[in-house]
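Shared chain: chain A. Partners: chain B in the first complex, chain C in the second.
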Partner chain A sequence: SVTEIRSGFTAIKANIQARDPIRTLSILSHPQSLHKVKSSDRCCIIHNLFNFYMDKVFKHCQTEDSYINRKISSIANSFLSIKKKLEQCHNQNKCLCGQESTEKFKQILANYEGLNITSAAIKSLGELDILLDWMEKSR
Partner chain B sequence: EDALLPSPQNISILSTNMRHFLTWSPVTIQGETVRYSVEFQGEYEREYANESWIPICECSLITATVCNITEDISATVAYNLRVRADTGARRSQWGTLKGFFNRITTSLTPPPMKVIADGYHLLVELKDMGPAFQFCVLYWKKGQESRMHWKMVKDVSSTVHLDTMEAGHDYCVKAQTYVETINRSSSFSQTQCVRAQGGRSLRL
Partner chain C sequence: SGELYCSLPNPRNVHFESINMKNVLHWSAPEGTGEGVLYKVKYSVYGVGKWIRKPECRNINRTWCDLSNETADYEEQYYASVKAFLNGMCSDWMETARFNPLTDTKIDPPVVNLSSTEKSISIILTAPEKWKRSPDGESVSLLQVYPGLQYNVSVLNKKTKKRWFFSISNNTLVVPWLEPGTAYCVSAQIHVTTPLLHSGFSKEYCIATLKDKTA
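For the complex of A and B:
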């Protein structure tokens, strides 16, 4: 559940963000914050972002710290559990992507690809609360 | 490679009220202390992370034959678990749990409950069973089972006020747990009835 993701993230947030030296860039919030996304595009953005985190973020966040790795595993498996539910909406065409959300997601990928993989993955993981806050506020 | 130790057998899960324990039979070697190490693998690891396994450091080189895996079973997906034996000089193959474990199969027991008649106030005390638990409390005036009331309780750190009772009447209460993350409930507890002030207050 999102609650469990948030508690897992809270446990490692400081450690993960300390590993991200690049303070001037954001993956999720540049140039526009998620909060400007129309509610009709919400499902599509969440669906794309969950795939983004599963495919491009968690696997590149391995650390030397076993505790951190276990918490990342917890978050990733919770993501997978929610993603499978989102898949059902997506398959029933209830999760269509408008032009704006498609552009928004392209921008997030561009931000990600602007850094080397490990830095981009760590920064994306460090910004997880931005996604969680937006998901809860726009619920 | 030294002669291998036999791998642990009878690997199983004991899971009650969202607390999960991996257990196995001991490997006995005359004159040697055998230690065990446990690893887990979630569905994410199988599908996205090259089927990698993650060690549980609290259960690395332990002599006990049980490991609390609750912290790591933190999503409603299928988990694999394995354990191996180690004497320092020799090590066994991994013994793997037969089949996956999903926390959705945990057994949920009715919650311990204490019903109190405090004058005209119907109160209930519930035990804190952890952050995953909510409680559904049903209460009714005895004889009016068709007019049950219910209250969803999330915070059980203090006594819960259910209702203001009519003098001398009996009121009954029962409760069940609900775990949102697996969307399941326990069976109901035993019904407990009390009598409001204005008659002898006794537990019926």
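For the complex of A and C:
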């Protein structure tokens, strides 16, 4: 559940964010904030972001710390179970992508691709609270 | 640019202390420097490219700086940094960890208001307000900031020492079937499920149920 993701992330937040020295760039929140996404586009953005984290983030976040690695894999497992639920919405066509959300997601991918894979993955992982804050606020 | 020679020891333990989103930067003086050290402070919004100086915290000798105004948007995250100066020397800039006002603030307990009848007490709870720029500024309850905010309430019968616990989502609670003419003490705590946050318990507020008129 989201609560499990949140508590897993809280346990590693300081460690992961300390590995990200780039203050001037954000994957998720700039230039356009997630909080500006229209509610009608919410499902599509969440669906895309869950795929993004599964495909491009968790697998590139290996660290030398086994505790951190275990926490990352438990977060990934929680993502996977939520992703399966989202698939049902997506398959029943209740998760349409508007123009704005498509643009927003392109921007996120561009931010990600602007860095080398490891830095981009660690930065994205360090921004999980940005995703969770947005998801929980607009529930 | 007349860059000073930066060999002064660094400020230590630079961190935000936040209560109800009143966000104050704190640090400890550099080791072994004694009196006369001055500081300056800058901050940045995470993901945005520039550091911004805080004029009110330039050349200060205290070891805190209120950045509530600058970090009021809790949809953003922030860094802050401090530099020390003494006798023409300076330290490096020392940064905080990334600060997320939404998850990194502490929450005060709720205010508890009580009233009673012969056999019941009514409890009204008020969540604290988010820090605001000025006393006549718009009040924002933390209930608006944290939609998942709940209250844990403890009710103690002072005579029997029996205690009940309740967990409620709305801010009112009526406790029925109580003993007339008896003192009850109530304490309450705020609990946010996600992000996971909770206040301490409030102090105890006590009230007596009315005496039984028929007795």
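A few points about this structure:
Basically, the second predicted complex is superposed on the first by the 139 of 139 C-alpha atoms of A that agree within 3 Å, B and C clash if a C-alpha of one lies under 4 Å from a C-alpha of the other, contacts with A are read in each partner's own complex, and residues count from 1 in each chain.
Operating definition for what follows: a contact is a pair of C-beta atoms (placed from the backbone, for glycine too) under 8 Å apart; a residue touches a chain by one contact, two chains touch by 3 or more.
Keep in mind that this is a model prediction, so the values were computed, not measured.
In the superposed model, A:67 makes contact with chain B only, not with chain C. Look at A:23: by the touch rule set out above, it reaches chain C but stays clear of chain B.
Of the two partner chains, neither chain B nor chain C is touched by A:106. In the superposition on chain A, contact is made by A:129 with chain C only, not with chain B. Of the two partner chains, chain C is the only one touched by A:14; chain B is not. Once the two complexes are laid over each other on the shared chain, residue contacts for A:35 go to chain C alone; chain B is not touched. In the superposition on the C-alpha atoms of chain A, the part of chain A touched by chain B in one complex and by chain C in the other spans residues 3, 7.
In the complex of the two chains, the chain A residues touching chain B come out as 1, 3-4, 7-8, 54-55, 58-59, 66-67, 69-70, 73-74, 76-81. Those residues of chain C that touch chain A in the complex are listed here as 44, 46-50, 75-77, 79, 97-98, 100, 102-103, 147-148, 193-196.
Those residues of chain A lying in contact with chain C across their complex are 2-3, 6-7, 10, 14, 17-18, 23-26, 29-30, 33, 35, 126, 129-130, 132-134, 136-137, 139.
Looking at the complex, you find that chain B touches chain A at residues 40, 42-45, 47-49, 54-57, 71-72, 74-77, 79, 131, 180-181.
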